[in-house]
């Protein structure tokens, strides 16, 4: 639940730019790694201190500084001072519940977005905030947790022939965004499978648990939607933004990511429509079942209640000896067979009536 | 279901423009055919290799290269190199789940749209991605499957007098789009018939299966909507786009297609409203039926339960010999007829009551 | 139903501008009539052939050519050639299911709209497509069927003093549109009466048929909405369009029509809200009725089932002679009156309980 | 109901500007009153004929001509001629069902809005159309009925020191609008009280009538919304309109009215949400009640039906003398107490079961 | 309830700018406090009369005048005269139900917003109107009640080193807004907890009260939404407004507040979706329960009713002595065991049938 209102950690009234450590450490030790490359050279190293990264800033080569874990605030502060990052940006990086957005600070672009993962066991979407600082020759990527989906990019970086090695920093930023958005399709696929499964159950013989499954899917879709909708503006912003940090040749790539984002949004909306249709079908099938239960009760009761009444009549103890009007049937020689026949006729009459009503 | 989230086949992190073969081959062999024409000349041939098409590019005549099947990636690559198609465009052509869009690449326009077909047996809409590359004197059409709805256009091409022979390449592109959009009306008509049928069943005596039919119609309409809505922007884009590839005289034709697209969208929305109204009527008629079932049960039970109780009373075995207070009625000479009469009165009273309540 | 997706008659792939005869002839013979007037002169005649109308085109007077029936395609073609009407416009005139729109072809404006009528017997709205060609000194009006609502205009034309006689062709076009939109209010009034009637029935004692009535009203409102919404853009287009065909002095009249159109749309939306509210009330009153039925069943059953049980007890045949523990009550001198009293007490207790629950 | 589609009285085809008398006279005699003032002078008089007002038009002082009752068309026509009012404006003034709007006719502004009143007895909102003609030094106010809410303004006018006396005509128009919009808050307050009352009843022990109350509230809110929404554009239009008739110093006052209008709209939307939430709660509480009824029936039936069955068993007349297998229990010395105990155990078992299910 | 339509206290027709005392005094005595500071100096004092504040206006230092309580109208009037505040602004400050807005009066900005608090006991959101007057070197803050959330800001002001001391008046205004918006997250968190709790109850074993809880949450969300939505425009207005009162360096801070506002709005919308989903689940679980109740009734009745009928048969008193056709079973030596067996077989048959239907 708390995914939805991730506490802005600074308490009301604190100065803007006051960095507070995250509530829970998602990582035991902050991990710093650095890639520095141009078309010919390539360097990759794990850093012990953040200061080791600063000399690369002056080099003309592209530098990718990757930071996993946000709880060591002095690392953030040092980076802020060295790369001239605005205090409010640092605060946003440190506090996890940001809405996806892009900010143009002239010297650098600040991009926030949400890396998602779908835990198919617990059927919930997990989100992690990614913050990207895109400068003229560097990209700084802040992640909340260790581990990511960018290994393919790292692989490409190590390859001398790859396009990424021949391109400036904005292309690296594009590749990061593209990878994140592509991964949304994986989540959509998994969600789609779950929706399909729920749909099939509802069409077949739904248990009551299905109600909770539908509700859960609805909630995950609300969350997904909340994470993906703002991305549209973000990437559109990147394309429209009048900045020298993104080159015209990279624009076409961002447009491609934009198309994918729209596709994700479209699919999320379709999923919402479908899940809500499934709910309707479920509710309606519950009504249908109740109807069926009621019919059986009505048939049983309607057939046997009159018969029981007749049996009750001839179970009465009026004294036939007092007067010939008192229950003379009891002394008829065919009283019993006749009564049984009457009962049979009534039963078949009612069965025929229910057949005509198409209840049987 | 997978129609809704057609996997973007490139896995997260792969370089943009990496072509991957489609997951399933929808065609055994890629079929290449070519039409080359101007007002006087006309040439039509089946190609064995894609290279045969390249010389036509230099000719001033209009060339239509038609490619059915997408799994031979080297054909795509060769076309890309020869016609200077951007890598991302090739990737979009190769991956099937694109959202309809138009891209202006100066030298050519790239148009993606969705050819639809309604399988009235299985009551589902089938989609196939069409990619159109419109250059100054050529049109390349990529289809996923063999067979299409463009034979009428081919027929017109073979006719020396036809307008299409006297017009440049953008007119051919218009005819392709127009044919696709016109075919949407065929689908609307079939869907409309199915909606009408479902409506009539719901108004009459609906079986429970109708629920699934309504749900299915809803889902198909979600899919249709998802395919058609973006088309509006696409064709509007074609009209607004500042490109020398579409001539002013062709604009009026694209406006006509635009009007038809709006009409399709309007109708899809009306259909959605109608199907959802049908669902309401169905749910309400289920309630009404339950009501009727309950009434019959209530009538039967209410009438016979008190009668049975009276019969039960006089079935008790209190000993009249012990005291005159014990069931003296049993020894009355008219006890039995009187009791029967009492029962009749009660029954008619209740029947009258139910009549007044308009349950009978 | 077919109102909603009126088949675009040209089959997919036919050349644009291919005229096809309408599927059903709504008129046995095409009727051509012509009004030619200026402030001083007035001429009115029925034409045998369309060629008779052509000389009037050259005259400076205003000419109104009225064509009822669309199935004689050569009339359309001749008019097209003589008045320089675009092929696509002719096609739109001939095919009935057009969405209301306005097209500026420099020399003339092409306006499509929908003349509606409400058949209060069959409770359905009938639509007829009107196409208006407005030139600098002529108006051509195409109707699908014979008979219209424009007789008042004809009357005014015959009157030398009327404003219409002193005004140019755009004022005549305005009067035609105004008359059509005014007639929508008549339809709204009739629909409003039907909605009110349904509402009163739902509030009172609704039969099950009311469900179908509500559904029908909903469907008619969907259709009405689909016909009226686009009109807003049409008339706005006429006001905004930069054309010398509509003079500044006429603009104020079109603004008046625009206001009326908005009013129609507003009312349609209010009607939709009201009908959908009526549906809710109906559904809820069905639930209430079921509740009432259930209460009666529960009251009857709850009161008599325990009593019958007691009667059943004393109907048992345990042998009191075997032991004093076996049904000694049967031999009590006040056993029977006591049992009856017990029953009365139980019955009144339950009645009191149900009174407290406000079920009685 | 007819509030929603107030007939545009002119029949289809009548010339624009044809004045028709209103269908019902809401006033026996048209009442004309006039205020003429500037900072020093003040004149107030009841007019016998409208001609008495015309000389004031030439004076530089501000003139307020107030007309109550619209059925004397020649008064309208005379005013129209004398003040140069457009025919269409006169027609709009005379026909009651206009949508709120503002029209800039250079020499004067024409403002239509809706004066509302809430009849708390009959629980309906009554509307009256107000038409304001704002000229450079005069305001003409047309009302359908006698009596209004502007007495406070008249009081201020009689006061030499009041701001209104020192201000030009646009300020008077502002005061009229402001008074009307302020009065909407009174209606909101009354409606709010009714909503609250309905809500409390629904939360407590709702009768079935509440359904009609909710529906009525919904309908009144639809009507209120329809009257208030267009006002937003009207007042925005007054602020944006480029006219010398409204001075820059008055703009800030119109902005104030604009804020109030937005507040009214906001509240209407919140009310709609709340009423619709109340409907949901009501429907749900109906379901809950049905559930409770069903539980009682089920408990009663489930407990007594098996017991009655057992009693039935021992009421059978199998002959124990024929064989020892026939109902030996009847001759057991503890048969009866044992049977009664068995019944008690069964009853308590079932009661325990229902307790566990939390039905009791 | 009255939160939603807080009476605009001036009665219809009163002059604009007429100050009326608030209906209820929320504070016994108006409290005036003042902070005057620049980078070096800092002065803080409680004022006895508002006149004490006026000299500070002329000083170049930043002055924060804080006023708690609005019922002493002459204080408002004096401030209005001294600081040149427009009459309408004073009226808005004095009347509590304003919609959040910003007004640019050249010399000062007038900002209204809503301070919210969530009373977790009574589960309602309390609102208090804050009015901020931002001049070139002063900020006047009007609060309805005593006590606020700005102590952290006061603390910072007392600190010589704080950024706020080095910044102009617009930065103080930003800090006030920021604090208010940050506090919304606290409310969201509390509401989120309540929603989660309700959700868990609905998923588990909901009591009927949950219905009222859901309704209450819905209403609070409507209120929250109404308070927060307009804030978006307000802060956007502050950023866009072309005023020298907000410096370019402060813009980035307002953008930060803007982001937070969007986040609050997003979360409110998600909450609405979730609460409405919870309602659906609740309704559906009510249906499911009813279904279960019906099943138990049906099972009990269907099993025992036929058995009771059989018992009834053999309770009949037909005289076997009259004829061998009359109830010969009674004299069979195995009549009773056979009948009991028949009953057992029927019971098990029905149980088996219900098992197959998955009701047991």
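In this document, chain identifiers A, B, C, D and E correspond to the written order of the chains, with residue numbering beginning at 1 in each.
Convention: a contact is a pair of C-beta atoms (placed from the backbone, for glycine too) under 8 Å apart; a residue touches a chain by one contact, two chains touch by 3 or more.
These figures come from a predicted structure and were not determined experimentally.
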How many steps does it take, at the fewest, to get from subunit A to subunit E if each step moves to a chain that touches the one before? 1
Can you give me the shortest step count from subunit C to subunit E, moving only between touching chains? 2
When the CA atoms of subunit B are placed over those of subunit D, what is the turn angle between 0 and 180 degrees, to the nearest 5? 145
Just how far, in Å, is the C-alpha centre of subunit C from the one of subunit B? 25
Separation of subunit A from subunit C, taking each centre as the mean of its C-alpha atoms, in whole Å: 41
Indicate the residues of subunit C shared as contacts by at least two other chains. 283, 287, 290, 294, 297, 301, 305, 308, 312, 315-317, 327
What does subunit A use to touch subunit B in their complex? 149-153, 156, 162-164, 175, 178-180, 182-183, 185-186, 188-189, 192, 195-196, 199, 203, 252-253, 255-256, 259-260, 262-263, 266-267, 270-271, 273-274, 277-278, 280-281, 283-285, 287-288, 290-291, 294-295, 297-298, 301-302, 305-306, 308-309, 312-313, 315-319, 322-323, 325-327, 358-359
Residue ranges of subunit D in contact with subunit C within the complex: 1-2, 4-5, 7-8, 10-16, 86, 88, 92, 97-99, 101, 103, 205, 208, 211-212, 215, 218-219, 222-223, 226, 230, 279, 282-283, 286-287, 289-290, 293-294, 296-297, 300-301, 304-305, 307-308, 311-312, 314-317, 327, 329-337, 339-340
